[in-house]
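You will see two complexes here that share subunit A, one where it goes with subunit B and one where it goes with subunit C.
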Partner chain A sequence: MNSVIEARDLGKRFGSTWALHSCSVRIPSGRVVALIGPNGAGKTTFLRLSAGLVEPTAGHIEVLGWSPQAQPTLVLPRIGFVAQERPLYGRFKVKELLELGRRLNPRWDADLAQSRMKRLGIPLERPARQLSGGHRAQVALTMVLAKRPDMLLLDEPVAGLDPLARREFLQNLMEAVADNNLSVVLSSHIVSELERTCDYLIILGEGQIQVAGGIDDLVNQHRVLVGPRAGHEVEGDPTVIRFSHTERQTTLLVRTDGRGISPEWEVHQVGLEDIVLAYLSRPTARSIPRPELAESPAGRP
Partner chain B sequence: MSWVTWRQHSREAALAGSILALIAAFLVFEWIQMSSASLQLGLGSCRDNNAGTACGQALNSYMQNFFGMSVTVRYALTALPALLGVFVAAPLLAREVEQGTHTFIWTQSITRTRWFTIKVGLLAFFTVVSASALAGAVTWWHQPLDQMYGNGQWTFYEVTGPVPIAYAVFALALGLAVGSVILRTVPAMAATLLVFVVTRVAIQSWRPWFLAPMTKELPLPASDTSLRGAFEVSTPTVNSLHGVVDLVVYQPADRFWTFQAIETGIFLFLALLLIGISAWSLRHRIH
Partner chain C sequence: MIEFRLDSRTGVTTYLQLVQQVRHALRLGHLRPGDQLPTVREVVAKLAINPNTVLKAYRDLEREGLVAGRPGTGTFVRENVQIGPRAGQAALRSGLSRWMQRAREAGLDETDLRALFEEAVRQDAEYPAAEAAP
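Let's look at the complex of A and B:
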């Protein structure tokens, strides 16, 4: 399987607002994908469309080769979805949640669920509503891992966790991903921890995909150019993501492979965080309007 | 899935079970009271119940003892379907969405349609079983009361036969539909109650006209027993060729089951429409 999610001109409108529109992307399998964007950018909508919770208003989406809306019986057993609030039935004890998982999922791995609970020290007799935030997140993660899915869809999985719980959660997630060869799509608005966790990035702004690609590729494909004060024509250039002028010089963050740049510009490498921030600060900047650009080049890990 | 449904709603089930058990116990208790009173007063051997006779006085004291209670029982029983709609059906979808747990349960390996079908199927099954049991119990219970009502069966029209079962099924479907449209628990409960009461009152007002009523002139003072068991729609006093008479507009006793069938049909039809609405919402509205 080449791609885990394939969206073509995908759009979702709530009332008169397009939460997501003209969204085309092909997410390769075996990646840990970060979906980045400010609140309201459409991250949750994208994940819910992928899980089949939402119907598209326009376009198509395929998850693991099937339509999550039309073929839920094929998609649901193979994905693990956790919403941002990590909803669980508060009155259910942990062991009852696991029993629920066993009864509703054909591929349920009871040993995995039990041993994770034991390892994390989460009491099976405790009702879900009495769990700490960190434990609750871990129970929710366990519920989806024990489904033995091919892909995880996690909406803001570490939001609201304290730094320690956050690190433990991500570490835990990465172990599970490595052990089971999972694809993961997780949304976040925190940039700092992503570089260690993720290897693929999709930036959403105002309901549209601004950029999508492998993190290494993205870092290779962006440069900061510093040169003499340029005219306003650079601001209209679609490859320019961010610009700033001082009296005598102009600094640009440009999508480029570094070739064909006129020698008057001084070319600098740029880190992931700066690239992400540049896109976030200009939600209308787009580098990847077409799905073929979102494909990863061959030979990636 | 039935295990999940049971685990999730065991509290409501226990509560509903206790309410039903209490009602059953109360009915048995009152039945014993009524039967022994009837025996004591010798009502069984009465032929002439006119006021002034010994039998009339006995019946009068019997009625004083039990009339109010029987009215209370009838009202209490007609409120039960509303409770079901408001407290069980309306929150079924609304609460899941309000707490976001629908995203949890609908991303297990079970489609939301299947989830809904099993859950509502189980609920409908228990509703029909309990409503039938209750309607049966009431039929048995009101026998001792029949003597004091001229139109015994019509008096208990709303709590015997298939009609109360249809009310319960309707209330269930209504709660589900309203909950699936409003998606917030408390407003959905309030709206369910309102729509239920309005619908019941509307159909109740229409009931006398399900079939064209019959009329009969009765000379005053009326002492005719030919209308025994009929459902009196109205009894205006009018001047006719035979002098001042009661013009009785009525539905005859033998239409009882026809009326039961008509009203059952109406409420089941409405229930079906409402289930359609919830199924549509489930598929297209909830996300």
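Let's look at the complex of A and C:
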């Protein structure tokens, strides 16, 4: 199987509001996918649709080759979903949570769960509500890893964690990915840390997919151009993601492979964070797989 | 064994930082033929980076002929790898010194020198001489 999630014209409406609409994407397997977007962009809805927790209003979604809504018994044992706020039964002791996991999951790996708790120094006798935020996140991660899933769906997994706990969490997650060849889809609105941990990016803006692709490819396919003041034609160019003018100078963030750019432009590499911010600030901009490189700004200005 | 570190301020991708650190360690003799590189698991557990990034870096080093993967055991520096200063490096170094002398005489300061050098390196990486436009 080449894709872990495949959505076709996927849409979800709550009342009169489309939380997600016209989403088509194929997420390749074995990747760590960052789902980025402002609050309300549809990240949680996308993850909940993937976990089969809500029904699509329009279109289709397949997870690991099956419909999470119609075939939950095939999908659920193979995925691990952690909702925002990492819900755990607060009065349950850690060991009781692990016991719950064992009874509910046929493929439960009790040794993995126990050894993770031991290594992280999380006391088994402590009720979940008395754990630190970092430890709660680690217990939630352990619960889904011990299921031995093929894919994790994590909604804002590092939100609210202090920098140390965040780093420990990501270290543990990456270790699990290396050990088990897991696919991961995680949502976030912090870009900086994701650049290292994720290798695939989906940007959601206003309920639609703006960008989907490998992070290395995206970085290679964008440049910042600085040159003499350009006319208004750059503003309508679909490959221009962001523009700004001063009296004599124009700065553009452009989708291009860097070839064939007119020598008036000074060409700079651009980091992932700037690319993401440029797309987010222009919700109509798109870069869906295999962007049309043929229309690179060869003759500009 | 070397220990990788990451500098988030350089703007150099994580993958390239790993590759460069291995090359550098070889050149300085911190890595010798037969030495093992950290396993993918060790690297990701320490740096909290994507395993595919490490795999990609190791694959590239393998393609360059610097290291070789042994299934089930790890990645090792190859026995026949050429270490130490490359042939011609001394001549290039003294050529660079003369160039710097000229740049100083032309009034460039250290910041100018670095900017110029980095720009040239970047251009070379993006448009290797063979493909450069006339």
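General observations
By our rule, the second predicted complex is superposed on the first by the 287 of 301 C-alpha atoms of A that agree within 3 Å, B and C clash if a C-alpha of one lies under 4 Å from a C-alpha of the other, contacts with A are read in each partner's own complex, and residues count from 1 in each chain.
We take it that contacts are C-beta pairs under 8 Å (C-beta built on N, C-alpha and C of every residue); 3 or more make two chains touch, one makes a residue touch a chain.
Because the structure is a prediction, the values reported are computed rather than measured.
After overlaying the two complexes on the shared chain, residue contacts for A:269 are found with subunit C alone; subunit B is out of touch. When the two structures are aligned on the shared chain, A:51 is found in touch with subunit B, with no touch to subunit C.
When the two structures are aligned on the shared chain, A:253 is found in touch with neither subunit B nor subunit C.
Judged by the touch definition given at the top, the superposed model places A:199 against subunit C, while subunit B stays out of reach.
In the superposition on chain A, A:106 makes contact with subunit B only, while subunit C stays out of contact range. Looking at the shared chain after the overlay, A:4 reaches neither subunit B nor subunit C.
When the shared chain is aligned, subunit C comes close enough to touch A:178, but subunit B does not. In the overlay built on the shared chain, the residue A:167 is in contact with subunit C alone; subunit B does not reach it.
Counting the residues of subunit A that each partner touches, subunit B and subunit C differ, and the larger count belongs to B.
When the two structures are aligned on the shared chain, A:241 is found in touch with neither subunit B nor subunit C. Once the two complexes are overlaid on chain A, none of the subunit A residues touched by subunit B in the first is touched by subunit C in the second. Residues of subunit A touching subunit C in their complex: 30-32, 167, 170-172, 174-175, 177-179, 192-193, 195-199, 216, 219, 258, 267, 269, 271.
By the touch criterion given at the top, residues 1, 3-4, 7-8, 99-112, 284, 287 of subunit B touch subunit A in their complex. Per the touch definition, subunit A reaches subunit B in the complex via residues 48, 51-55, 72-73, 76-77, 79-81, 83, 85, 87-92, 96, 99-101, 103-107, 140, 143, 147. Those residues of subunit C that touch subunit A in the complex are listed here as 6, 8, 11, 13-15, 40-41, 44-53, 122, 126.
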